[in-house]
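Paired with subunit B in one complex and with subunit C in the other, subunit A is shared by the two complexes that follow.
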Partner chain A sequence: MRKIAAIAALTIRSAIRSRVIAVAAAAIIAVIIGLPFVIKGDGTPESQSIIFINYSFGLLMFVLSLTATWCGAGAISLEIGERQIQLLITKPLRSVQIWAGKLLGLMTVNLVLLALGGALISAMIHWTLGTAETNKTGQNDLRRKIMTVYRAVPPLKASGLQSSQAAISPGQSFSWRFELTKRTTGAQFALLKFRFIPSPFSHQTPVAGVWRAATEKQADLLNKTLSNSPNMTVYLNIPKIDPAGILKLEYQNIQTNPAVTVFFPSGNDLSLLIPESSFEANLLRGLIIGFARLAFFTSLGMIAGTLFTFPVAVFASLGLLAMAFSGGFVRQLAERGLSTDTSCEQFSIIAFMLNDMVRVSFRFFAFVLSPLERFDPLAFLPDSLFIPWSLTGQSFAVLCCLYPLILLLIGAGCLRRREVGISSV
Partner chain B sequence: MKKKYVFLLLVAALFFWAAGQTRIGLTKTRERQNIVLSDQSANNPPFIVLTTVALGGFRGLVVDILWMRLISLQKEGKVFEIAQLADWITKLEPQFATIWAFHAWNMAYNISILYSNPELRWLWVKNGIQLLRDNGLKYNPGEPILYRELGWIYQHKIGQSWDDMHVYYKHKLAKEMDGLFRGPRPDYAKPNSKIQIMRAEYKLFPEIMRSIEEYYGQLDWRLPETHALYWAYRGLHSADAGKDTSLCDHMICQSMAAEFLQGRLLINPDAGIYVSAPQLDLLPGTIKAYEDAMKRQQMDIFKMAYVNFLSEAVFVFHVYGDDQNARKLFDKMLSEEPKFKAQMNFEKYLLKCDHFNITELPMADAVAWIEGLLYQGYSNPPDQRQQNAAELRERALNLWKQYAANPQNRKSSEIFPAFEMLDEQAKQRAKHK
Partner chain C sequence: MKKRFDRCQIDCILHERQKDRNPVFKLQVNQELSPIGPVIKADGLTKVFRDFWRRPVVSAVKAVHFEVRAGEIFGLLGPNGSGKSTTLRMILGLLKPTAGILRVFGKEPQDVNSKAKIGYLPEDSCLYPFLTARETLMFYGSLFNLDSSILKERVKQLLEMTGLQHAAARRIGEFSKGMLRRIGLAQALINDPDLIILDEPTSGLDPVGCRQVKDLILILAGRGKTVLISSHLLADVESVCQRVIIMNNGNIIVQGRLNELLENEAIYRFCVPSASAEQIQVIQSFLRMQTGAAPQTDHPRKTLEQFFLETVAQAQPGTTSPSGVAYAEKVAPFLAGEN
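Up next, the complex of A and B:
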């Protein structure tokens, strides 16, 4: 262990010397402090705060992922290129120890930078809320809105139905049931989050409906007639929900003139949000997931650096990084390939083969990168959704332990077999 | 070895020359398609130069990503970020006038309508206005389409009644302008401290406002149509050579016609009062607007619109009891469209006007008719007044009841004025005669 720690210390020292860390730290500070001054929301302080959380965390993760991949790629390949690795391999060290030491050193650097970024985000969000142009009550409301994190409770699937989708004709009603856990006991309030699509689709003006909610002990928890615009995510306040049990929610479509049918397309478009935690605690969980993602990128860079020279390693690992940040692009290519219409007669056999090759290779990438999509703090933080500890733990286990361990074994094996003392022209 | 390097150097030079040749063609195509950065880029702020030049070929890619995010967020009903994304997209493609126009329209129309809260709706309408007024026109001062789009938000979104919260917008605009001018228009002779806000925030330049009023007549700057006129006027006079300005002329004519029909405003935002009635003094200015447009654009559509306006003006003057002016306008109409001579004479036309079904008229005409009858009652010579006033008032009240009772006029019901208010307007008008 001491050997690993010594290599980790050497790696930290060389990372600091390389100035990449200083540049990354400066970029993080500049971006997070400068963001509130360039953000232009819709004119409300709420939008300003939400956009700040989204962009600052996204940029923090982007800068750190880039740094992690770059440093990871250089950790082994540069040492081989500059003949410094010879000092290490001539010592009684196993390649696994060299690899693990370097990974540990880089992860320490990641941790420091991530902590710096997290602290800055937290400080700046408080500053943004404090300077919001609103009165005292408005500021308290805003603070409560932004600094409270909610657990999303999806509706239970009705028997005989595949999902919680609903199509409600004019004059008709539909009910959903939500299972309230003991955690909800004593909750000050809950929010009903919903979004619907109208039929006819061209109907864009508000649609009238009645929302009713009741639990076994509270018969009249909610009874509200509302006119809401289609396609718009709406949050409706439900007063104190006390007992654990089942909450029954009913929507009655009273939009008869003109007649509009209302669709709730999926469970994502209707959920009950229960206050669960504070923003800071959620940010901490988000940062832990972010740390796990950085462990993955660092190991990825290191494996590329073990196999190739520095420029090739950087190119290959940054390519994978770009894919990871490309949203649904990889998944789309994995599912469809390059062409969306392969039924066409003019589609030649070569094009078919090319398309299949692309599909197969992107299926591999989609498989490798799938945990990154699953463990994405940005799917939770801007929407004030609670990041469960279980998800945080899983992300740590998969991205920070399992993946790096597999890559460590592969990397150490490659390093052992690689001819590192070869002379250059 | 040396030969190899010479060969490679030659190949590199050949490729360099080939790339240069391709660029000539590309530049020409860009110029043809009007997608080349104009000379104004030299005066653009550093941010624009940085994004348009430093990003190079990646600019298009960044814009694509931003567009995709914008579309997906809008689909999901998460519109917080749209203003930010629109700001970036437009700044990455500052010379594409249609992109500015699209984003302003998207915010003022598509996004605003998603909100049921009037304050938030107004915020998005203003976001659309600000995007064009504060940035779009800054980078494209010679693009008449942008002036027209900005004027359209005022004329259509705020001025007309398609949006069910149009009354709220009208009050908000009037209140903002009232805060600047303390009345319908600024005192050009004595500029006050608000001039700076007018210039910096609203881009309302007193010298242009003054020249508009000198040319068309005194206007009420609390009305959305006046702002539509202002921006169309600016578009007409700032357009680069060769640009189509017919849309600005359209807007000037439409705005002046609206000013003539509803340019006299009685307003009290706190009491929810917003009554607009005809401003008959604006007739010469409106006629000038149409005649200028016909001369400038040489398009039949302007002549048709002019004839329509004249026929409406004949009706308005008739209901206000000024048949002498109504006849002059009728003759003007016939001189513009001689084919009507065979179909109609002045007396027949007035008879037709008297038998209009008020419930089928647009609200501005209905208000004009009712207020016109009341005005006649107040402005007749003193000996006839007692006798006629009661009769005219009775007729006006009947018309008001018919119009108010018709469910078709539901959308305008919020600003269809109470009878007493119209009565008061008529009394004031007669007093100022």
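Up next, the complex of A and C:
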């Protein structure tokens, strides 16, 4: 363990003295402090906070992923290229200790930079809310709104329909049922979040409708006529939700002139948001997931650096990073391949083969990158959605322990087999 | 004839000098080869470099056999491209033999326990340029699981021995080539190794540094350490090595004890401490009469190295160079077996 710690310390020193940490820290500070000056929003503290959470956190993760991948790619390949490993490998070290030490050192660097980014985001949000020009009550309301995260409760599935899917004609109404569990005990209010598509699609103005909410014990929790925009978050003032009951939510379409039908397409488009945790705790969980993702990127970079020279390793690992950030593109290529359309028969054979090759390769990439899709803090934080500890733990176990461990064993095996006496391969 | 005589003079002077300066040398020169098994054993050792398609490109080492025994100073000589660096790298586990058997301390070169007993000074600086001299030694020392207090003491002693105590806080990237050799040597000795592998140990060092390194090698060998030296500077190898192999084109072309290889048994040399011109004439007449050949007579010369060392010692005793290198005389106590 002492040997691993020595190599980790060396890696950290290298990152400090080669100014990697300074440059990355400067980039983080510039992104978090400078971005709100570039993206203004509507000028309200609420929108400023959303910018910090949405754009700044996303950019922070991008900058750190880039740094982690780059440093990972250079950790082994540069040592081989500059021959320092020729001396290191003559010392009583196993290749797994070298690999683990480097990984540990880089993960420490990631942790420091991520903590800096997280602290800056949190500080900037507090500063924005603190400087908002409202009275004390307004400040408290604003803080409660921004600094609270919610657990999304989806509606119970109705028979024959996909989740909350509903088409409501003028004059008609539709109701959804939400199961409230003990976890909702103590909630002082709830938010209803919904998105619908108006029909005719060309209808642009708000659609009039009545929202009613009730539980078995509380009859009139909500009875509100609203002009609903297609994307809207409605504030439902529920004094005390019955912890074990069923919340019935009804929407009555009263838009008759002109007649507009509203369509709620799927389950994710309507949910009840129950206050669950504070923003800071949620940000912490988001940062933990972010840290786990960085460990994954670092390991990927290190594997590339163990197999290839530095330029090739950087190219390969940044390619994987780009795929990771492209999201559905990789999955789409893995499922469908390239959509080539060649009329000539001989070309269609080539296209067919090419398509198959692309599909197989991208299936592999999709498989390698699949955990990243599952554990993405950006799927939660911008919408103020609660990140469960279970998901945080899973992400840590999978991305920060399991994957790096597998890559560690592969990398150490490759390093052991590689003849480092030759400076390039 | 003249050349041979010069060679003998050098032997004589160096031998006398070493006896005077270093009592350990007496132990070393009289020491019989160790009865312990070989520290390094190569049997049919072959290395073929291949290209990307696994086609053989060059046979760097061709089925060589040699042994390095415990406690001896062994020289590995050869012109550029002869295969000596490849052989060294195979011994260190940096390259894998294509064929043959190679054992270091009776085990595979990659064995971690064997590596704990090896100290290696590479030809090029393979050190981290962002570390200071002290941090470098602390780092490499920590890889041997040395106790913290022992490690600190060793680092201090090695910095003093290599004359780098004034440059201990400077980064390696700022060092001159000579300073790099010194810190490189220090890191190779941090674990008080049983086998010291030195690749061009005196390259880039000034004559004072060269002398110190050679003295150190003799002291280490006197403590039973095995030293393997690869060098182009034949005078250095000759002054310290007991046995050598000379490689050419991947083959060992000569192998044996240095004295046996270099000694010319057909010629004898007599050294007379002081004699008058008449006495010399008498001796010459006697030798001419007995051997039928005219003996050659001259005065022994100092080597340039010896002259330089004496001059420098008189000019700047105990001074420090502008680069921070001090002319240290003392060998690190832990290397001399004092603690």
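Remarks
Keep in mind that, in the parts below, the second predicted complex is superposed on the first by the 391 of 425 C-alpha atoms of A that agree within 3 Å, B and C clash if a C-alpha of one lies under 4 Å from a C-alpha of the other, contacts with A are read in each partner's own complex, and residues count from 1 in each chain.
What we mean here is this: a contact is a pair of C-beta atoms (placed from the backbone, for glycine too) under 8 Å apart; a residue touches a chain by one contact, two chains touch by 3 or more.
Just so we're clear, the structure is a prediction, and the values are computed from it rather than from any experiment.
Once subunit A is used to superpose the two complexes, subunit B occupies space next to subunit C without a clash. In the superposed model, A:P206 lies in contact with subunit B only, and not with subunit C. Applying the stated contact rule after C-alpha superposition, one finds that A:T256 touches neither subunit B nor subunit C. In the superposition on chain A, A:R94 makes contact with subunit C only, not with subunit B. Looking at the shared chain after the overlay, A:D42 reaches subunit B, while subunit C stays out of its contact range.
Legend: residue contacts after superposition of the two complexes on their common chain; A:S14 is shown touching subunit C, with no touch to subunit B.
When the shared chain is aligned, subunit B comes close enough to touch A:N54, but subunit C does not. Contact with subunit B, but none with subunit C, is seen for A:S229 once the two complexes are overlaid on the shared chain.
When the two complexes are overlaid on their common chain A, residue A:K3 makes contact with subunit C while staying clear of subunit B.
After superposing the two complexes on their shared chain, the closest approach between C-alpha atoms of subunit B and subunit C is 20 Å. On the subunit C side of its complex with subunit A, the touching residues are 49, 86, 89-90, 92-96, 110, 112-113, 115-116, 118, 120, 122, 124, 126-128, 130-131, 135, 139-140, 142-145, 187. The touching residues of subunit B, when paired with subunit A in their complex, are 75-84, 87, 110, 113-116, 120, 123-124, 126-127, 164. Residue ranges of subunit A in contact with subunit B, taken from their complex: 39-44, 46-47, 50-51, 54, 195, 204-206, 227-229, 231-233. Subunit A contributes residues 2-3, 6, 9-10, 13-14, 17-18, 83-94, 416, 419-422 to its touches with subunit C in the complex.
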